[in-house]
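Read through the structures below before going on.
Each of the next two complexes has subunit A plus one more chain, namely subunit B in the first and subunit C in the second.
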Partner chain A sequence: MNIRDHFRIGVWENVKLGRNATLVALILIIGAIVAGPYFIASRWQHILIMWCLWSIAGISWLVILKVGEFSLCSAAFLCIGAYSSSVMTLKLGCPFWPALIAGGLISGIFALALGVVVFRLKGLYFLVITYLFAEMLRLGISLTGYLGGGTGLYGMPEPGNIGFITFSTKQGWFYLSFLLLLITAFTFRRVEASRIGRVYSYIGMAPDLAESLGVRIMKYKVQAFVLGGIFTGLAGVVMAHYFTGISPESFTLYPSLVTQLVAILGGVPYLVAGPVVGAIIYSAVDEYVAAISGLRPLIVGVLLVVIIFFMPQGIISRLRQLFGKGREAKS
Partner chain B sequence: MALLKSTGLCKYFGGVHAVDEVDFEVEKGEKVGLIGPNGAGKTTLFNVITGFLRADSGIVEYKGNNIVGLRADQVAQMGIARTFQIPVQFRGQTVFENLLAGHIKEERKNFWHALFNTRDYREEQERARQKALEVLEFVGLADWKDRLVDVLPDGLRRFLSLGRVLMMSPELLLLDEPLAGLSEEEISALLSKLDELQGQGTTIFMIEHRMKAVMRFCPRIMVLNYGRKIAEGSPTEVKDDPVVINAYLGTREG
Partner chain C sequence: MGSVAFHWVTLSLSYVLLAMGMTLSLSISRIVNLAHGSFYILGGFLFIMFLKTVGMPFGWSLLASLVVLGIVGALLEAKIYRPLGGVLAPSIICMAGVLLTIEGIVVLIFGSDLWDVPSYFTGTINLDGTVLSIERIVMAIVALLLIAGLYYFLSHVRLGKAFKATAQDREAATLMGINVGLVSSLSMGIGAALAGLAAIQITAVYYLSPFVSYAALMTAFLVISLGGMGSILGVVVGAFIIGFVDSFGALWVATYYHLIGFALIIIIFMVRPQGIFGVPIKD
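Right after this comes the complex of A and B.
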């Protein structure tokens, strides 16, 4: 027995938390989350907001990877969500909250329409066509005067205060993003733990075999795509109103790459935990690197190369290996 | 009425006639063997029947309904189960989870039930687990239940593939070389399982290269060569048929 085993057994397996202790811990954690934003610097508030939003988009991307396809259109879903709610609030005078829901739904509807077409293609062809869709959408918007053309839309209203939560400061945005992240995490945790996620993995792993068992591949692939579309769209809405301005330039290839980056950083075997871990690293690095703009793509690229080279299964898998709880332990 | 019947079935790949004007019938409860040299079109025939390939002409009737043009998953829904020549598995999942995959076509509770873990959904999943335990016992993989399928020995993968299709409660089993790579003991074990299934009313149609075993197991054999059916009959009839001997050994020169 080496030192690591002592650590593991000593700390995790011999300590039994009573029900009260668990409750106290839970209250402390919730308290920390609620009070936290008031005590930390504005810069870190921003990092935490971006952490939530990139986590949501990363999880949504990863669920599409789970059905075996590598998509390159997260930016398009962010874009659809952002533009839908911006147009609704700015041009139609709709309040923020219905616009938030609508942004997610419209993005989901686009995913449905796009999904039934693009899932006829596989592999590289799928990747390319999803990317082309994102680019077409971006160029289409920049040519449409009603949507602000190349300059974009500015001055999106912030939601009204809810009790002590104000959206004129970053605290409110943090609570909103964090709530969305919780909803996303709950949804996809259930997806992963239930038959739905199992079917997705079956399809991703061996599509012909799954089909021979009576699984309608197209249905489940489109379903995963729509799920991803809705949640990415919601993140897009929050981004647009948090930044109070969007332009076609916000939705280039870069945000699509970031959603993949956060998922791969954390580790693709973990549908929820992977992107959540990856996104906190990305958001922090990005915030401190963004100051030296111009270097941003370089540093993100280096980060990706290092991770893929040294821990291809991501950070979580690496940590579990270090503490002797790798996936192999399952067998 | 035959359970499965094809008339004038053709499948071409460019100029190659992979399946050429094949007519056959499989009666309910029968055990039929399909043999032929490599490249004879046996697997292609299975792929056409099960909807993985679309026939260029001809029809396949299952219980009197034409199933040409249906997708593979629709064919599976009708009660036709198939295994693959290479015993493909869902890697990274346990043996038990691999079995559960076979039950999906039986499950009716939709996305929302699964998402919110409703009582109906949980009951349905419980039934799937019960059935998987029975099947696990039947194919003799109980000791491997929670092991990853990646570590399962090759021989046992054939048993797992069989178990997975049994989860579908199929009426017709299309087995593509179920005995390939198995030892003598494993062959008799697998064949006795198949006999038991046939006793319960399952119809078995199998491609096989292990001649001794297939001749012993199937009372009726069909022979395919260059996409055409060249012989059909009892094992002894087929074995002594000069056309079949020619197909396997070639014509004697001079």
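Right after this comes the complex of A and C.
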């Protein structure tokens, strides 16, 4: 089959609902066991933390693609979450946990306000306006002295210990981000299995038809956008406090592209499993090439092109294909 | 004030060159070309490479970098973009991949320092107390000639008319015997070369680094969404508005001028989503 036919079949237009909850569960359990963080090197703990955070961002991006729009502002939501919680803890003296929740909510509020405006636009216009929003936010922050300007904010306090979980080492951060990933995965599994999830895919596949049948497209699109915004914001909060420093330069187009890479690497048809699988590959690769400047964008860029050309449906679909064929050959 | 006005005009003409390629590929190939920002830095760095490393004279290295860039753009359209069949999500992701790839290659070769393009024309003209640099006058004239040439090409030359026909209706153009693939490749090649020229012009005033690709992309986005997506006149008007904001704005409100451009865009998007001169793009 020629590559053009792959797209014509409409894999991209109708992001199908992931059917392999077992696979997700399996990967998550394996992750948890492997993470018995006392047994693995700190480098791998870092990889696992980034895995959780990128998975969350990837799932959130994919749900917006599912309602048929291509957004370029994952970085903006990460940014909003990160900055709002940092300001709360650093400037207002708020403890970490309320700031975490507030970061997600503020990000969701921004998504609501933005969504009401931008979902009047479609396709290319939507893409351009979301990108413009992300850049405007970044520039606005870098010009605001209260938010640290171009240098950013540093020295976020770490949350207090909970029992044996300490946040001065990476273990606590892993447990926190893993918990967030579980919540995200569970939420979006529930969403996609429910009536709302089916409405999302109708809207993604045939917006005009859905509208003619009385579906309030605007409402569902904004809803998906807000859901994505909240969870991306939460990931942003954890990112900021884990790195204990953020600057406007951390939220360029690059994180948005990484989010997409993570989602398409695993497989766009799988709302939850796709980003989860993609993110572990990306995080591991990223950690080992991060030392060489210039290699990071190069690898992400080449991967994006290669995946689109050779595995447009992602790794999971390719593996299923291989296994399916293997079984047929045996029997 | 006179020198700021001069800065406005020259900068805006460079912006026209920068955004022209974006609007060409948008109207002909129906793509928001994220890789356009990388054409910009590629142009600048190819020029520096030909001039400093290879040691070619100024004119020849200018020509060589533009030709190489044109070939890169045309190949990109033919080999990467066209096989995807124009479906939105995969083509955007692919072009984003190209953007990052070129950025990575440039960083690997040139490092992430700031670079300066050496000036060739030195000297100034003193006009009633306003000092104008000859280099920028030459640049403005070159840009004007190119824009006029492109306009003539699109409205009077047979191949240029084929560009317009393809932009209007791709299938009808194919039926009329126009080689649509060739037209698309050529349009992206021309756009890439113009963006490279804009890079060389703008770098003479500002600086060049592998990371200004995002700023260039941003400027091109602002210009085309303000002026109207897919309209040549819109690009010129949009470029002069954004150029005004970037020159006079910088004078009046310091660094906050960036936000003025965004504010304008937001207003335009609320009132007239297709931009001032834009035609709504069917998806």
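Following the convention adopted for this analysis, the second predicted complex is superposed on the first by the 289 of 331 C-alpha atoms of A that agree within 3 Å, B and C clash if a C-alpha of one lies under 4 Å from a C-alpha of the other, contacts with A are read in each partner's own complex, and residues count from 1 in each chain.
Here is the rule we use: contacts are C-beta pairs under 8 Å (C-beta built on N, C-alpha and C of every residue); 3 or more make two chains touch, one makes a residue touch a chain.
Computed from a predicted model, the values in this text were never measured in an experiment.
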Overlay on subunit A: subunit C relative to subunit B, clash or fit: fit
Touching partner for A:Ile217 - first (subunit B), second (subunit C), both, neither: first
Contacts of A:Thr187 with subunit B and subunit C, given as first, second, both or neither: first
Subunit B versus subunit C as contact partner of A:Ser168, first or second or both or neither: neither
Comparison of subunit B and subunit C by subunit A residues contacted: C
Subunit B versus subunit C as contact partner of A:Asp208, first or second or both or neither: first
Subunit B and subunit C, minimum CA distance [Å, superposed model]: 14
Subunit B and subunit C contact sites that coincide on subunit A, given as residue numbers: none
Subunit B-facing residues of subunit A, complex: 187, 190-191, 194-196, 198-199, 201-202, 205-206, 208-217, 223, 327, 330-331
In the complex with subunit C, residue positions of subunit A that touch it: 3-4, 7-8, 12-13, 65, 70, 117, 120-125, 127-129, 131-132, 135-136, 139-140, 143, 252-254, 257, 260, 264, 268, 293-305, 308-309, 312
Touching residues (chain side subunit B, partner subunit A) in the complex: 50, 52, 71-73, 76-77, 81-82, 84, 88-94, 97, 100-102, 104-105, 107, 111, 114-117, 121, 125, 146-148, 150-151, 164-165, 168
In the complex, subunit C residues that touch subunit A: 26, 30, 32, 80, 83-85, 87-90, 92-94, 96-108, 111-112, 210, 214, 217-218, 221-222, 225, 229, 255-256, 258-259, 262, 265, 269-270, 273-274, 281, 283
